[in-house]
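Multiple structures are listed underneath, in structure tokens.
Each of the next two complexes has chain A plus one more chain, namely chain B in the first and chain C in the second.
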Partner chain A sequence: MKRRLATLLLLVAAAAVLFAMQRSTPRYDELTGPLVVSGRMGQAVRTRLFDANVERVEFARRLVYQRFDRETERTTSGLWAIVTVELSARSRSVNVGQASWVGPRGFQYLQTDRLALAPGQSPPAAEPGLPRRARYIFEIRPDQVGGAVLRLSERFAPRLDSEARIKLDALPRKPDGALDIMDTFDMNPVRKEPS
Partner chain B sequence: MTGRGDDRSAGEKRWRRRCMVLLVMLLPLVLAFNTRENIERWWKSRDLLAREVAAGEQADFGGARWQLHALRMAPLPAGGNIPDNAMGVVADFRVQVQDADLPGNWRGCTIALQDGQGRRWLPTYVLRLPRSDTQECVSAIFSGAKAGAMLRIRQAFLVPRDAAGALRVTVSLLQQRPHYLRFAQHPRLMQ
Partner chain C sequence: MRTAFGKIKTRLAAGIGSTVAVGAAAVYSVLGAGPPPPVAQYGAGSAIEAGRWRVTPQRAWVSHKRVYGVPIKPGQQALVLEADLSNRTRTSTGSYSNLLRLQLAPGAKPEDPIVAQVRDPQIGPLLHPGMPERVVYVWMMPGSAAPPASLAVDVVAETYKPVDNLYGTPGWFNPAVIGRVTLPLGPPPAGAEQAS
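Showing the complex of A and B:
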């Protein structure tokens, strides 16, 4: 009798272990998904192909730039978030072309496609040994500002390759603590005054 | 009775040993059989074996005869998309087509610069070169060049100044991998 009970217990235990294993087995998507490298603003995040350092985040209600010698403006009912990143390739030239802003509620914003032919909007090509600044612009909802994360990778949804996830934790604030939002952000490159 | 039992146990032991030996032999074989496609793909997806080409020499590669005609460099002022401390490098090839099937032979054509630490610089689109009868490697694939034609291939690169003088040009074609060409010539500063 005791032996049968022990066998039964063993069977139940085995079934429980198998069930737990089945439930906890990662899916193919998770197994082959991006290899996350986390960091925060002001520090270099090292992925397999590039280093990224988010220098600043700015917010604006309106963007202006020159297109075919004409002033062009883009307004929004939300906010323009402008992220300036220093990029440096590691072992080979790389286009860090995939960027997204993930808000505190999980909303994911890809780079805006409303800035056709604006300066500095081609995918930023980084070369080994030549750090450069790149600007990523997102059109977001105002409630997606705090606690957001910037995701950077070479390709959309990288498989078995690293993706930088940088916490955007140093936002521009006014002296009273409110978010500093510019009325207009000029995207044109700064022209050097002739000396 | 005992003798028959001993015989059986000896036979079992013998078979157990044989099975273990077979297992040790079969496991790697099965593993190799199952992964052979992946291994082959890995082997053919990388530039692993360099074929060195001496300065001024030509090399037959991918149905064409490649010659590095000139490799020049010039410091670039920072501004726009040009970062600080950048050097522009331009590689000019003269390529004589031997097999006109360029879409087949030159698929995945990549001309790059390589340094001693294995870093690679791919062609840049930041530098705007003056118009000429040269073309980039990828666009030459669809040029319809016939056997015997001479193509002028030009690619531009953006590299750090301190590394520029020691770089070497490589040519890689998908069909030729893991072999690739590496030219001995270093960039010369333009006066």
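Showing the complex of A and C:
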């Protein structure tokens, strides 16, 4: 009787262990997923291929830029978020082409594709020893502003390669503490007046 | 004696197993051969939950000119369907071209539509989570074809799988028709068509 009980207990225990092992086995996707490098605004986040330093975040309701000498306007049902990043490559030229804005509840907003031929929207190629500024623009819902994270990598969904995750914690504020949202953001480079 | 009895038992068990298998296959084929269940019918303005999209068809018309930035070649015409699309997933995506399937006369091969955003016209934009946008689906047709009296499209929805069998990633699979939208072909709304 005692022996049977022991066998039964052993069986139950084995089933429980097997169930736990089955549930906790990491999936292929997790095993080969991105190697996360976390950081925050204003500090250089060092990944395998590049260093990234988020300088500022701006918000606007409207974007304007010159395309073929014609003023082009882009509106949105939400907000335009403009993130300025200083990039420098580490050992070889690298295109930091994949950026996304991940909101507080995990919604992932990829870079907008509605700014064809806008200035400064070519893929941001960084060269070793030559730091440069890149501008990433997202179309987001207004409730995705606080507690967001910027993800930067060389390609979409990096496998066994590093991905920078930078907390966007220094948002532009008005003196009264409300979020500072510009009506219009001019994407054109500042032109020098001919003297 | 014991082995002989065991043999009989084995044979009996195998017989029962195959009988059950054949019976189950027969039942499934009988059930599958029946007419497909009727799909839900929708009209203009009804919000349809279709997998990763919520789609609200608005109106339809026939266009001979450039419509929301989509060029139409000379000698062609286009069936245009205007709809509101909302991304129900957690990430930005542009995979909406298989959402609506044009129903033509039997034998006609439907082409893939061109999808354009109405706000600041652009072809095939990414649509972001929780940000509905108005888009047009444009199906090209030869100019000689007589346009139908009304536009019928099937709504194709995919189902979410939290873990797929190959990579263990979440995804949307198994497209299936969940309803049919029928819209009368009316006049184009103001501002939809441009010359050139």
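The working rule: the second predicted complex is superposed on the first by the 177 of 195 C-alpha atoms of A that agree within 3 Å, B and C clash if a C-alpha of one lies under 4 Å from a C-alpha of the other, contacts with A are read in each partner's own complex, and residues count from 1 in each chain.
Here is the rule we use: a residue touches a chain if its C-beta (ideal position, glycine included) is under 8 Å from a C-beta of that chain, and two chains touch if they have at least 3 such contacts.
Bear in mind the structure is a predicted one, so any value in this text is a computation, not a measurement.
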{"item": "Touched partner set for A:175, first chain B, second chain C, both or neither", "value": "neither"}
{"item": "Touched partner set for A:77, first chain B, second chain C, both or neither", "value": "second"}
{"item": "Greater residue coverage of chain A in the superposed arrangement, chain B or chain C", "value": "C"}
{"item": "Touched partner set for A:189, first chain B, second chain C, both or neither", "value": "first"}
{"item": "Chain B versus chain C as contact partner of A:116, first or second or both or neither", "value": "second"}
{"item": "Partner chain(s) touched by A:125 [first = chain B, second = chain C, both, neither]", "value": "first"}
{"item": "Which of chain B and chain C A:91 touches, first, second, both or neither", "value": "first"}
{"item": "On chain A, the residue positions that both chain B and chain C contact, one per complex", "value": "none"}
{"item": "List of chain A residues in touch with chain C within their complex", "value": "27-30, 73-78, 100, 106-110, 112-114, 116, 139-141"}
{"item": "Footprint of chain A on chain B - complex, ascending", "value": "79-81, 83, 85-86, 112, 118-122, 124-126, 158-160, 162-163"}
{"item": "Of all residues in chain A, those that touch chain B in their complex", "value": "90-93, 120, 122, 125, 127-132, 189"}
{"item": "In the complex with chain A, residue positions of chain C that touch it", "value": "90-92, 94, 117, 119-120, 122, 125-126, 128-133, 163, 166-169"}
